[in-house]
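After this come two complexes, each holding subunit A, first together with subunit B and then together with subunit C.
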Partner chain A sequence: MSAGGSGGGAPEAIPQNKLIAFGVIAGLVGVYLSHYLVAYVSTAFSFIGGLAAICAIVWGAAAVRRVASYGLGTGVPSIGMLALGMGVVASMFGLAVGGIAGPIIALLSAAIIGLVIGVLANRVIGMGLPIMEQSMTEIASAGCLTILGLSASMTGTFLFDAVLNNVVATGYIAVIFIAGGLAILHPFNANLGPDEKQDRTLMTAVEKGAIAMIIAGIVSITTDGAASAPTILIGLFIWYMAFEQYRKYVDRDAYDVVGVGLLPTEEEGSE
Partner chain B sequence: MEPLMGMGVLAIIGAAATIAGASEDLESDVGSQSNPNSQVQLAPQMNYPHRIFNKAISGEPPSNAMLGAVGGTVTSVLMNAYGLSVVFAIAAGALVAALIHGTYCTSAYMGRSASQKRFRQPIYLDIIRSHVPVMMGFAYITTFCILVVSYLMTAVLAHPFPLPLLAFIWGITVGAIGSSTGDVHYGAEREFQNVEFGSGLNAANSGNIVRKAESGLRNGIDNSWFCAKFGGPVTGIAFGMTVFLSGWITAVFDPSTGTTAGWLSVIAGAIIVLALIIWNRRIEVAARNTYGPYKEDEVEA
Partner chain C sequence: MIDIAGILIDNILFVALITLGGVLISWSVHFVPVGGAPAAMAQATGIGTGTVQLAAGAGLTGLVTAGAMINVTDSLPLILASGAVGAMIMISVTMIVGTWVYTYGVGVPPASAKVDYDPITKDRQDIYVSQGTEGHGLPTVSFVSGVIGGGLGGIGGAMVYYSLVNITTGLSATNLMGLASIFAVGIFFVNAVIPSYNIGGTIEGFHDPKFKRWPKAVITSFIVTFMCSIVGVIAIGGL
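Let's look at the complex of A and B:
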């Protein structure tokens, strides 16, 4: 009778390993591409950072879905906030010491922090979820890549000074934190229930990721290194497409979608 | 700053916070967010499908932090990049935040209802059409007031934090206070009006929330009508008091004038906290003496 899931592993149409590869590769490549294309071609390419963030968000949402379907229930939001908390620490550390290798160092340190927290949760606190260590590693890494991607699309680079001056000191890190965090944890939370489907949850992640991208585009109005219009427009386009697709999945999965109506009666369609 | 000016600004901040608290709680009641949500989510599983808006945006503190941070970000961008007047910038920031909030509400209701297919919980489109604008309206008021508070703190009271960060923090705070203060009125009373007042939630009643209204089927707007009588205002007062009193101690004893004033403000804060603890305790004891403990069924009598 758990409201938070079936208490077992969640069925997956797309295997998690593919999503990990997708998140890591697309996220890292996107962050680097946006940096180099902005530096050598045009500031208009800062939107690629937003795309990288969406990929990382989809990965993160899939990891949250996997660990939270063990019946975390109200722990879903906490785990998302934890993800971004670990991500902020790791990304700031990585960018500060790494220079041009910053994103890779940030990702590695996020993975290490996530692993340590996963081990602590399982061994010390004794949560005993079989995939806790792996999931915390994934969630922390996805949170870190989300922050890097959104920062890159706000400033056009991942270099520490630019990020520190334009994102952290101005307070926009708050919106990265919460918009990225909600995009990772809201999908599973919004689709919570025994008939939750992976594709529907991940489509919510794309939709919420696009919202984070639009906000990053709005922030990039204030920075010289990044162009705002492409980020906002592409973000709006992705949001619209994802929302339409999400609506189709809802139509497919729901018991019934009615304009208006009374409650279903006892006899009708009983199983 | 002149002490009288500081007090005046603080009064405006307190008033804005009071409105923000009330609208925040009513917004969460329309959508059954936060603690009462678990029963709304559980109801179809116990064979009680309903027409109550079921949304969870990760709990009230994160969802209001989102409203505050988005609103603060847009406001700050509009003021810095386009030199827009603060009133327009705050209005535009709150509008963007409310729009984004609408998408979160919609996806939460659709997704959660669709995931309860086996319990025959339909998705009612008229519920989305009628409830989402109401929640966006309340979210707009909350965000607007949070931004007024944050802006006055940065611009007039010279708080060192930037506007988006302050709005984010106040968003978490208003969400946390709304979640702890106002929810009781909805979750414990409104959802279980069919059981005797004060009887607690028997496990057998789990999920058996009131689904029928005075006329027709009950929905989230009916619930916010009920909560607007007590839960919403009391949340407003709680948040307004939090904001006002925490600013009042440094407005009266300004720490920038010297170490003594700084310590006096700390002592004043401690006295206020202590007074509130004692006062709350007395209310609790008085309520328990008046209404008594839950009585056993008088079988022998």
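Let's look at the complex of A and C:
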């Protein structure tokens, strides 16, 4: 099975390097901003962590799109789970040892783990995808930033004690794992095919990221350090805007969109 | 500053066990009859979903059963056995229900396209394979292979979790369990995806020619899990 495999690079309206810069800078700045604004201004600013996660998710989905369009030989979902698998190991390590530099150490260790997996995938397993090393590094880093962003929006900080008590020990980390992983893997999985377009795929990523943000907002009801209402409301707003935009892109890319009405009732159908 | 060398020397046994567990998980995936999307349409032998979903389903069940056993005993063999049995039950249930669906729902006989005779039952296979397909359903050999894979994966997952939980640390029991389980899940997923790239997404079991590729995935998993185990041991041991 070769999911979405056409054996070539995917055309890009936005160059990948811009998306990398966007993901890294917006993700890291967002995580730090949410921490400092929550600490010094108001807990309401915990929603910035969710925005950081959305930026990281868009970057991750773009990287998945790039590497998966070569045809991985297996389904796209595997790479999303790999992203969060690498990301969760790196992010917990970074936060545990790093203190205030935690997110940066987490990002660096995720990049190193991703690079090693990418190199081994090409050299040992012999996948032979020219962008495997770079993409694995990007995907691991994006997965790591997604976890950091969602954790920050759940707890209002990235300091390890708060994350450990409120996110890991309570099990919400599993929610982050699945919601973040789906947000990274689903956009390309849902849009792949010959008519796949970068803007439509990335808009799905924004929409899925907004769902993860809403869930993080619901979780933050249970924590002291973070306000839930702004996260949920802003998440809902972003979700609505992204979904509307996505629908417009679908209308644009489809040959024709027609209403077929409701399914016929049993009597009508038998006539 | 954390005494990295000291933590690693104190827990060197656990680093080794985590690495061994990761390698076992990686090897185990090669046994599981993964059919992917073609199998979901009964056009390839195996269970109709991806490696990661199957490995996660069986492996995480193994983690849960191993975790339950850790609460009552410290004996490593019992914990590993509990993990193995949990994962084997899960994968067997998945395969038997899948077989019912293929046999009574889709209406195809279980048949392998990779071998002419089932290595275990010696039943003829090739004449039952529908034209245009690469086999369908779960023949006996694939089922047995899948159970072996589930068992190995469960042992691997239980070994990773047992090692992480037993690292010397200042964490409270609840926090340690939470952190150890999410580390174990992360390591599990990484080691489930690596072999799935190695086998190209589908495999029938240990009789499939692709099974011979396992050393590549095992080497890769060895290096990657070794890195992850050091990272995990430092993170948990340093707290």
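Methods note: the second predicted complex is superposed on the first by the 254 of 271 C-alpha atoms of A that agree within 3 Å, B and C clash if a C-alpha of one lies under 4 Å from a C-alpha of the other, contacts with A are read in each partner's own complex, and residues count from 1 in each chain.
Operating definition for what follows: contacts are C-beta pairs under 8 Å (C-beta built on N, C-alpha and C of every residue); 3 or more make two chains touch, one makes a residue touch a chain.
Remember, predicted model here, so these are calculated numbers, not experimental data.
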{"item": "Overlay on subunit A: subunit C relative to subunit B, clash or fit", "value": "clash"}
{"item": "Touching partner for A:Ala111 - first (subunit B), second (subunit C), both, neither", "value": "neither"}
{"item": "Partner chain(s) touched by A:Ala56 [first = subunit B, second = subunit C, both, neither]", "value": "neither"}
{"item": "Superposed model, subunit A: greater residue contact from subunit B or subunit C", "value": "B"}
{"item": "Partner chain(s) touched by A:Met81 [first = subunit B, second = subunit C, both, neither]", "value": "both"}
{"item": "Contacts of A:Ala169 with subunit B and subunit C, given as first, second, both or neither", "value": "both"}
{"item": "Touched partner set for A:Met92, first subunit B, second subunit C, both or neither", "value": "second"}
{"item": "Touched partner set for A:Met127, first subunit B, second subunit C, both or neither", "value": "second"}
{"item": "Touched partner set for A:Ala68, first subunit B, second subunit C, both or neither", "value": "neither"}
{"item": "Colliding stretch - subunit B into subunit C, listed as 97-105, 115-123, 151-159 or 187-195", "value": "187-195"}
{"item": "Overlapping contact positions on subunit A, where the subunit C interface meets the subunit B interface", "value": "1, 3, 74, 77, 81, 169-171, 173-174, 177"}
{"item": "Complex contact set, residues of subunit A against subunit C", "value": "1-3, 72-75, 77-79, 81-82, 84-90, 92-93, 96-97, 109, 112-113, 116-117, 120-121, 124-127, 160, 164-165, 168-171, 173-174, 177"}
{"item": "Subunit A-facing residues of subunit B, complex", "value": "38, 41-42, 45, 49-51, 55-59, 62-63, 65-66, 69-70, 72-74, 76-77, 80-81, 96, 100, 103-104, 107-108, 110-126, 161-168, 211, 217"}
{"item": "Residues on subunit A engaged by subunit B in the complex (per definition of touch)", "value": "1, 3, 74, 76-77, 80-81, 169-175, 177-179, 181-182, 185-186, 189-197, 200-201, 204, 207-208, 211, 215, 218-219, 221-222, 239, 243, 246-247, 249-250, 253-264, 268-271"}
{"item": "Of all residues in subunit C, those that touch subunit A in their complex", "value": "2, 36-38, 50-53, 56, 171, 174-175, 177-179, 182-183, 185-190, 192-194, 196-198, 200-202, 216-217, 219-220, 223-224, 227-228, 231-232, 234-236, 238-239"}
